[in-house]
Amino acid sequence: MSHRNTQRSHRKAVIAIASISAFAVTLTACSGGGGSDAPADGGGLGTADKHVKITMMSNDAFAETWQEQLVPEFNKAYPYIDVTIDSTPYDSLLAKGLLNGTSPSPDYDLITLDDPWTPQLAEAGVLLDLKSDAAQWTEDDYDWDDFNSAPLASSEWDDGQYGVPLRSNLLVMLYNKDLYAKAGLPEPTPELTWDQYMEQAPELVQDTDGDGAVDSWAVGLTWVRGVLSPPFWQTVLNSNGGALFDEDMKPTFDTDEGVAALQTQVDLLEYAPPGASTYNYNEPLDAFRQGKIATLFTWGSAYKSAAVDEAVTTLTPDQVGIQTMPAGSEGASAHRGIWSGSVFKNSDNPEAAWALLQWMSSKEGELWSSANLGSFPARKSTLASEPAEPWLAPVYTAIQSGFDVAADGEMWRPRSPDSNAIQEILANETSAAVQGDRTAEEALDRAASEIKELLEK
Amino acid sequence: MSVDSLKPNRSRTRRGAVVKDVISRWTFMVPAIVLLVAVLAYPLLYTLQISFSDFDLATFAPSSWAGTGNYEDALGDENFLNSLVVTGIYLVLALPLQIVLGFGIAFLLNAEWRGRGVVRALFLIPMVVAPVVSGGIWKIMLDPLWGVITWFLGLFGVQPIDWFGDAGMAMISIVIIDTWRSVPFVVLIAAAAMLALPKDVFEAASVDGANWWQTLKSISLPMLAPIIAATFIVRWLGAVKMFDVVVATTNGGPGQATNVVNLYIYRQAFQLLEFSTSSAMAIIVLVITMVLTFVFLWGSKKLEDRL
Amino acid sequence: MTAVNPPVASHRRRSAKAHRTRVWSGVIVCILFLLPLVWMLLTSFKQQRDIFSSPPSFIFEPTIAQYVDVLTRGGFAGQMLNTVIVAVGASVLSLIAGAMAGYALSRLRIRGAGVIGALILASRGVPPIALAVPMFLVARSLGITDTHITLIIAYCSFIVPYVMWLMRGFFLALPKELEESAMLDGCSRMGAFFRIILPISLPGLLSTFIFSIILAWEELLFALVLTNRNATTFPVAIAGMAGDTENGANWGALAAAGMITVIPVVILALLVQKWLIRGLAEGATKG
């Protein structure tokens, strides 16, 4: 009898579970699906009585500065638009952006995108094409041509312009002038080639205080397994005229030049401090700040914290030089890394959102941002102007020449809806080569075949 | 007449009493079941659904039935299989170490003295510190160039060890950091359990002249067996989710040496936006952990019965 | 009688020495374990340029700039508050549901409960990513993203199995006849549970409560996906600080953040220690 009762209660439990699940499934099924289209009038720019509210999901590193300094400045020009900028950790930005873009009731109007992400979101159809869909709200004096082509291209995809550059960055070479002097070597110039650099590297491993132990090394860069690591050898490859992919996204890096480029990255490990094989972004930067390495290949935005900020570094602007990376057979090398701002297609206030982006990336806005926030500009006019801080002058020169070079050689991370997957494959194989698990040739062959397989799916 | 009219009543009340009893027993399970069904059932069913379909990013919904395609992709993915192996190695190294160390330290900490409470509270801290910060600070301490541990070992003439750059050492470093973070849990559970042990049995044993090894083998271990088993199982399920410490230190490297399965699936989903494949992988991992959990449960039950 | 005395005396001497060794070993182990924390504390008072000196600097110019930096970051106080709310809410809810379920699994004979319990436990093995996205979709369709209650319920998904299994272990260790005598006196099952079983299991309950808080305290993934700004917890903020690819992660500030976020839990643990000891004393007198 009790058995029958337990059976009955079992059955009841199963029915309960099934119905709750069914209910939940229908809930989501009803609300799933693409986002609504933007209102035809674009939401307007607000009035004194009725402000327009827009929200932006932004990378953690600059969200707070933008909210506290940039938004008030923006409000001087557009007093009726209330902007909220939320900081989102880098790793989750892409996924949350996609979730927001496909939501029927989105929380955000704007998003900042790192270099390789635009193709994925554009393919998914969640971004607004700023040159066509938003053309009606573009100011007459908004000069598209004043942009350097390299940073602008980072948010371009499939003939559509899905964003504008907000914070531009470039892989550069920082060097410690004192350590070069101690080694008796001339300071790097834009004409320095990779071959010359590789010759100099052993001499930069030195014992500076004469106690018999090496305490200063030649180089630091990203060697750890991760997406920041392949750009280095890609830059070497680009400077020698090679490229990662051709127009049809077929791998073209499993060539002799590619192998030589990857081998360069592997070889440089010899002249780096102990533990360098786990160097990510922070570690080589910290080593450089402590005066332990003579050259640092990193993003140009690191200059300030490497040479200027006293609380953070032991070096001064006089001691630190900045340069484009060494040249290959085809010329100097550079690698672009741009944060762009994009508008979600399902936003209710695309006009106001685009107004914010326009202001930020306009000539005046860029000048203001570079002067007050220390971000690097993308416009030719801004880079040609006199920077606010004297130490920025060589930085601007390096960046402008870097942009020119990058545009010529298409020097940036792979761009396709599969770019993240491609980058992971490259990261794995680069790490395997750096570790010595595989030769450079084996690593690149494997990467090429894996990527071909991936793209065929 | 009277007998007939009595019988149905009595059997009805007996049935009623039995039903009431069953209901009163089940009431204890109900809150947990309701809560978990509400929170787990839908996500698991959803994951199951998209693991069998193609996923359309533009509408963020499953599109067409893909059969076992995603599972085949997952099982054919060399890196995924490698991540399972890596996770397995990590578990085999970390779990026994943490249980043995935890119970041992708990025994030491349980000695009755005034500072015991404070010591126990302090012992909690490694568990509470944000995993990212723990991993980062350990990485700094172990750095071959400026780490304080490297410096300390150097005083004894030990050459700088590449804790995170060498594939084998990297896993050991992860195990060390994870042990540092998780042993407090084992210690505190074990300490609480030991406190609840009846003291008279131990007093009788020591009066009888039993040394510590005999006491341990014949009294403490059998009495603690349920707690040891429970702690092991809980820790095992926590360890399977290892993620933060790896990201903060080795990022899955060098090569693939510390690319644990949770990290791999996270990347598939959040960076590669491969939701259907990552769901298939998640279900595979769930099945494996379920099977292993049942094995451990069955094993611990056998242990409890025997002891 | 006299035959008993000598062994007891020497035994007492032996056990006193063993006791002292035990205490001192415990203290030494504790110190060794806490050394990394000492280093973290030192780091939190260093300027960034002193953190990476080679050889490591033990003497340096201390500064509280890192703590100021963390505490004045926009929203940090709010994030701490959110974490406290969500952690306490989820732990209390889970403790109630989990302790009851653990009791059912350990001392009540219910057919099928064992399997259900095992399933619940095994569900903890699912990679959290698989749960996070669907949870977000449900929360979004109900309009409750970025709220405390969503996080609390989401956290219950991994805390309840945890509590359930731990409490089961504690309950199993109790003598079998405990509630039977009370029920013979006319107490209901529920009453016996609350009046007899729970008070005796107080050490286990309190320990489990603290661990639940800790589990919720460090949880990152659900908070990342399910919240935007209103209910964000501080692990999200710390993840953002650590992933800074503009200026590089500021380890001084991160160490400071780590120290600050530890404090509430330590205070709670110290408080709980008091109750624990009191509860034990009462339990001891009951024998």
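Here are a few things to note about the model shown:
We just call them A, B and C in the order they show up, numbering each chain from 1.
Everything below uses one rule, namely that a contact is a pair of C-beta atoms (placed from the backbone, for glycine too) under 8 Å apart; a residue touches a chain by one contact, two chains touch by 3 or more.
Bear in mind that the values here come from a model prediction, so they are computed numbers and not experimental data.
Simply put, of B-C and A-B, more C-beta pairs touch at B-C.
With centres computed as the average of Cα coordinates, no chain lies farther from chain B than A.
In terms of their C-alpha centroids, the spacing between chain A and chain B amounts to 36 Å. Averaging C-alpha coordinates per chain places the centre of chain B 14 Å away from that of chain C. For chain A, residues touching at least two other chains, in rising order: 6, 24, 28, 32, 91-92, 95, 99, 103, 287, 290, 292.
Touching two or more other chains at once are residues 22, 26, 33, 38, 42, 46, 145-146, 269-270 of chain B. Taken residue by residue, chain C touches two or more other chains at 51-54, 110, 133-134, 137-138, 239, 249, whereas all remaining positions touch fewer. By the touch rule above, chain C contacts chain A in their complex via residues 47-49, 51-54, 65, 73-74, 110-112, 133-134, 136-138, 140-143, 145-146, 224-225, 228-229, 236-237, 239-241, 243-250.
Of all residues in chain A, only 3, 6, 10, 24, 27-28, 30-32, 57, 60-62, 64, 67-68, 84, 86-92, 95-96, 99, 103, 105, 107-108, 215, 228, 281-282, 285-287, 289-290, 292, 299, 301-302, 304-305, 310-314 touch chain C in the complex they form.
Listed in rising order, the residues of chain A touching chain B in the complex are 1-2, 5-6, 9, 13, 16-17, 20-21, 24-25, 28, 32-34, 91-92, 94-95, 98-99, 102-103, 120, 123-126, 224-226, 273-278, 280, 283, 287, 290, 292, 420-421, 424, 428, 431-432, 434-435, 437.
By the touch criterion stated above, chain B contacts chain A in their complex at residues 14-15, 18-19, 22-23, 26, 33, 37-38, 41-42, 45-46, 57-61, 79, 139, 143-146, 160, 162-165, 167, 249-256, 267, 269-274. Those residues of chain C that touch chain B in the shared complex are 7-8, 11, 15, 18-19, 22-23, 25-27, 29-30, 33-34, 36-37, 39-40, 43, 51-56, 93, 96-98, 100-101, 103-104, 108-110, 113, 116, 118-131, 133-135, 137-138, 153-154, 156-157, 160-162, 164-166, 168-170, 172-174, 188-190, 193, 201, 203-204, 206-207, 210-211, 214, 217-218, 220-221, 234-235, 238-239, 242, 249, 251, 254-255, 257-258, 261-262, 265-266, 269-270, 273-274, 276-277, 280.
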